[in-house]
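Consider the two complexes below, in which chain A is the common component and chain B and chain C are the respective partners.
Let's turn to the complex of A and B:
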C-alpha cells in the first residue's frame, strides 16, 4: 500500500520534470516529422520505402527517448530524496525501506509508460495513416521497448543506491551497450575455445548482463516481410516479457537488500 | 513514569574515507526521556545531536549500543505510527500544495480518506497555512517550517522529534511554534527538542541534556540545573587589552555601548576580575548575584568539557 502511495507521488513529481516534458515533445514532433522525411525517397522507391523510413525513424526516436528517460529517472529519484533530505520525513514514518524502493521504481515505470505510450500512439498513428492499414505488431514493438527500458531503469535504480549520479549514468549506459551486444558475447564464448579466460569472461557477461537485444524487434517491424524470421511471435514476446519482468524484479530485490542497510 | 526514549551505550563512529582513523559522532550515550515532557537536547554544532536523532529514527544505524522508543527497539516499524520527525530546514516535494503534502503523509499512515480531509483541514488551520493550491515551491521558509510541523502532527504522535524547529523563522512564527510545543505537552505528548535557541529551551523544556563532542556532559531538570546563582559584574568599557583579559576569565561577556557585562558563578574568579579592574583603574559599576541562566550553564558545561 505504501509503495503505491510513493509511486503515485513519484509519478506526479516526474510529470513536472521539464526535461522529460521537453523530451516527450521533441520525440512526438520527430515522429510526426518522420512522414515528411519519407518524401526524401525517390518516387521510384515507392510507398514501401517511405514506410520503412517512417517506421525506422519512429522506432529510433522512441528507443532514444526511452534510453534517456529511463536512465534519467532511475538515477535521479532516490538520490534526490536523500540530497534534499525529503527521505527523512518518509522513512521516519511507517514505511518499509523495500516499499520505498519499490514505490520509487514503480513511479518511474508509470512515468515511462505514459511517455512511451504517448510516443507509441503517435508512431502507430503516423504509420497507420501512411500505410492505410493498422499493424498491431507495432504496438507490441513499443511494449517491448518499454519493457527494455523498465529493465534499464531498474539497473539505474540499483546503481543509484550506492553510486553518484554521474558514475551511475556512465555505468548504466555501459550496461545497456554491453547488454545490447549480448549475442556477440555468446559468439565470443563459443569461438574462444582455446582461450579459457576470454571464454569464461564472455560467457559471464552474456549470462549476467541483461540481454537487451532480446527486446529489439526493429528488423521485423521495419520490414514486415521479415516477420517470418520469428516463427512463434506470441511465444517470443511472452518469453521476452517474462525475462524482462523477472530480471527487473531481481534487480529491485537486490536494490532493496542494499538499501536496507544504507544510511540516509 | 514510562520512558519515551532510552538508550544504552549508543555509539556512532564513521570511518574517514581513505584514512585509517575513525570519527566518533556519538560516544556511548545513555539517555532516559520520560513520557509527557519536553526534553531539550543541546550541544554545539557537530556535538552529535542530529546523529542521535537519526539513530533513534532508524535512518542510520548505531555502531554500538542499543536504544528503545516507547518501549520498542529502535527501527521497529510499529513504533513509527506513534512518532514523528521534523528535520532541520525541511525540504518537501515542491510540486505539492500544503494540503496535498499532508495528504501524502497521511496516506503513508493508512489514514482513511474521510478522516484525512478533516485532519488536513484542522492542521492547516492550526499552523496557519493556506488551504488553496499554492505549490510549496512558492512558500517562504517560515511557511515551509509550518508545513513541516503540520506533517509531524498528521498521525497524532505520542513522541515528536523536533530538530531546530524555529531556525530561520520571524519572531511571530517563532512564538507560534514555541506555543505549539507547549500545547503538545498539555496534550500529554513527549517532545524531544534539539535546538540552539537556549532561551526557547529554557522557557519550554522540563529537562535538558547537553551533548559535547558526542558525549553526554550534563543532564537534569531545568529548574535543578538553574539552582544556585551566578554573579553579574558590570564595568565601564575598559581598554581593549583589559576587556580581552576579562572576557577570557568570564563565562560569558556581553558588551554594551558604554559598559561591559561579565558573568561567572565562581566568587573567586569574580574576585580576581575585580582585582584586575581596580589595578587598571576601570570603573566598577555593580556586582550582583542573580539566578543562573541556561545559557551560562551551557557555556560553563561545554567550555569546561573542552579544557
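Let's turn to the complex of A and C:
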C-alpha cells in the first residue's frame, strides 16, 4: 500500500514534467507526419511502400522516445528526492526502503505506460487508417517496446542509487548498447572456439547482460506477411515478456538491497 | 535485529541469483526463435556483417532502426543515381537489402537500375543475381518472381527462364494475401509466344479468358445466394471481393455474356467455380478467414460444388445480361478483359498458327502452310559487313530482302539485333562470375536489341540497312568514361547481327511465319533451341581492327 501511494505521487510528479510532455508531443507529431514520408514513394510502388515507411518510422519514433524517457525517468527518481531532501520526510514515516524503491519505480513505469501507450494508440491509428485494416500485432509490438524500456528504466534506477546522474546516463546507455548487441555476443562465443576465455566471456555477456534485442520485433511488424512465417508468435511473446518482467524484478531487488545499505 | 536484517538480505540476494539463472535459461529458450525476427532468418548475426553498415547509420541500425536506416540509404541511392555516381550506387543496393531484405520494391527497383538504368549492359547478370537473392529471402510472394521473369524476357531473352519464373509467380499470393494479378498470366502467354510455344500460348490465353470470365461469374454467383451467413462465408473466400485487380479484369463486357451462354464455356466456368471453391477454402483456411468446421460443413454439401445446379441456394436466377445492359451496367471497366478477348480472337482467327504464312499475292489472299518446307519459303539473302571509319567507330552495313509488309499503305519498320562483344564472352564472364571489378576492367559488350530500319518501302528494291557503332563515347550519354564501358582487353571480338521473326510485329509475322517458318537463307539460317528460324551472321574482328 505504501509503495502504491509513492507510485501515484511519482506518477503525478512525472506528469508535470514538461520535458516528458514535449517528448510525447514531438513523438506523436512525428508518428502522424510519417504519412508525409510517403512523398518519397512513387505511385507505382503504391500503398505497400507507404505503409512500410509509416510502420518503420512509427516504431522507430516510439523506440527512440522510449529510450530517452526511460533513462530520463530512471536516473532522476531517487537522486532528486535526495537532492530536495523529500526522502527524509518519506523515510521518517513507517515506509520500508524497498517499498520506497518499488513505489518510485512503479510510478515511473506508469508514466512510461501512459506515454508509450498514447504513442502506440496514435501509431496503430495511423497504420489502420492507411492500411484500412487493423493489425493487432502492432499493439503487441508496442507492448514489447514498453517492457524493453521498463527493463532499461530498472537498470537506470539501480545505477542511480550509487552513481551520479551523468555517469548513470552513460553507463545505462552502455548497458543498452551491449544488451542490444546480444546476438552478436552469442555469435562471437560460437566463433571463438579456439579461445575459451573469449568464448566464455562472450557467452556470459550474452546470457547475463539484459538482452534488449529480445524485444525487437520490428521487421515482421513492418512486413506483416512475415508474421505467418513465425512458428509460435504467442509463445515467443510470453517467453520474452516473462524474461523482461523477471529481469526488471531482479534489478529492483538488487537496487533495494543496495539502497538498504546506503546512508541518506 | 541486525542479524535478522542480514538474513533477510541474504535471502533476497539468493532470490536475485535464482532469478538471474532463470533469466539465463529463458534466454537460451528465446535464442532459437530470435531468427524469425531478424530481417533475414537464414543469416547468422555475425560481427563481420556489422562492418557493412555505413558508419553514420551504424548506431541507428544497431539500436533497432535497421528499417529506417534502409529507407534513408535508399533515398541516398536515388540521389547517387541522379548525380551520376553510378560506381557508388551498386554497393548501396546490397547494404539496403541487407538491412531490410523484405523491402520488395528495393529489390525490384534495384534490379531495374542494374539491368536498365545504369547504362552498362554488363550489369544485366547483376540484376538477375539481385532478384534471385530477393526471391531467396522472400520466397512466399509473387512479386520478385514476376520481376525476374520480366527481366529474362526483356534483357537476357532467356524465355525458358521467363516462363519458369512467371509460372512460379502465378502460384503465389502477394503481400496482401491476394492472388497474383492477372497480368502475370498474360505476360506468361507473351513469353510462351516469344519462346515459339504457340500451342501453349493459345492454351494460356484460353485459360486467362476462362479465369477472367470466372471472376465475373463468381461475382454474379454471389449476388444470387440467399442465406446471408453462407453468403458472408463465401464472400470471405472470394478473391473478387478482396482483389480489385481481378474485379477490373472480370467485370463487364458484352463478350463475357456471350461466352457464358456458350455451352462449352459454361462447362468450363462450372468446373472452374468448383475448383475455385476448393482452392478458395484452402487459401481462406491458411489465412484463418474461416474455421475448419465451417469449411467442412460447406464442402460436405456436394451441391455447393456445382453452384449452378443447386437452385435452392440461389435466389431466382435472373437471365444473363444482354449486351446492351452489360455495357450500361459495367461501362468502362472492361478494358483489361477486352484486351484479353481481342488477343484470343486474333489468335483464333488464324494468326499465330505455327507453320502458316499469309499469302497476300494469292487470289483471294489466304493462309498457306509452309511449315513442312514443301511450299516456297522466302529467301531473305541476308548479309552484312563491318568497316572501321575511325578509332572505335564502326559502320555496320548490310542487306536483308523482306516481303512488302506495307502493302502500299504506310511505312513499316523491322527490328534487327546488333551485338559487339569479346569473343568467348560467356566463358570469360563465367570464369569471373562473382568478380564485378574484373568484369568492369576486362569485358566489352555493346548491344542494340531493337535496331529499327524501314522495311523495304518499295517491294524488293531497297533491302539495305546501315548503323554506326560508336564505341568512343558513352552511347547512353550518362557520363560513363568510354574506356571503362568498353575496355577492349580481349584480343578478338565478335559482331553479330540477327534478324529474329519473333522480334517483329504481329502483322509482319503473318508474312514470316510465327516462328519464321516462311523464311530461309542459304548461308545464315539458324534454328535455335526454341525451334525459331532466324538469320544470324557473326564477324570476328581483332582488337587492331577496332582501335
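The criterion applied here is as follows: the second predicted complex is superposed on the first by the 262 of 264 C-alpha atoms of A that agree within 3 Å, B and C clash if a C-alpha of one lies under 4 Å from a C-alpha of the other, contacts with A are read in each partner's own complex, and residues count from 1 in each chain.
In this text, a residue touches a chain if its C-beta (ideal position, glycine included) is under 8 Å from a C-beta of that chain, and two chains touch if they have at least 3 such contacts.
Because the structure is predicted, anything quoted here is derived from the model rather than measured.
> Following the superposition defined at the top, how do chain B and chain C come out on chain A, clash or fit?
With chain A as the common anchor, chain B and chain C both fit in the superposed model.
> Under the stated touch criterion, which partner chain does A:57 make contact with: chain B (first), chain C (second), both, or neither?
second
> Which partner chains sit in contact with A:89 here, chain B, chain C, both or neither? Use first/second/both/neither.
first
> In the overlaid three-chain picture, which partner chain does A:12 touch, first (chain B) or second (chain C), both, or neither?
A:12: touches chain B, not chain C.
> After superposing on the shared chain, does chain C or chain B touch more chain A residues?
C
> Which partner chains sit in contact with A:253 here, chain B, chain C, both or neither? Use first/second/both/neither.
Only chain C; A:253 stays clear of chain B.
> Determine, under the contact definition given at the top, whether A:2 touches first (chain B), second (chain C), both, or neither.
first
> Once both structures are overlaid on their shared chain, how near does any Cα of chain B get to a Cα of chain C? Whole angstrom is fine.
Taking the overlay as described at the top, chain B lies 9 Å from chain C at its nearest C-alpha.
> Touching residues of chain A toward chain C in the complex: what are they?
Answer in residue numbers: 37, 40-41, 45, 48-49, 52-53, 56-57, 59-60, 63-64, 67, 176-177, 180-181, 183-184, 186-188, 191, 206-208, 211, 213-214, 216-220, 222-226, 228-232, 235-236, 239-240, 242-243, 246-247, 249-250, 253-254, 256-257, 260.
> Which bits of chain C are touching chain A when the two form their complex?
5, 9, 12-13, 15-16, 19-20, 22-24, 26-31, 33-34, 36-39, 41, 44-47, 50, 62-68, 71, 75, 100, 102-105, 109, 140-141, 175-177, 286
> Over in the complex, which chain B residues touch chain A? Could you list them?
Listed in rising order, the residues are 54, 57-61, 77-78, 80-81, 83-87, 89-93, 95-96, 104-105, 107-110, 148, 151, 155, 161.
> Quick check on the complex: what are the chain A residues that touch chain B?
Those in contact with chain B are residues 1-2, 5-6, 9, 12-13, 16, 84-96, 261, 263-264.
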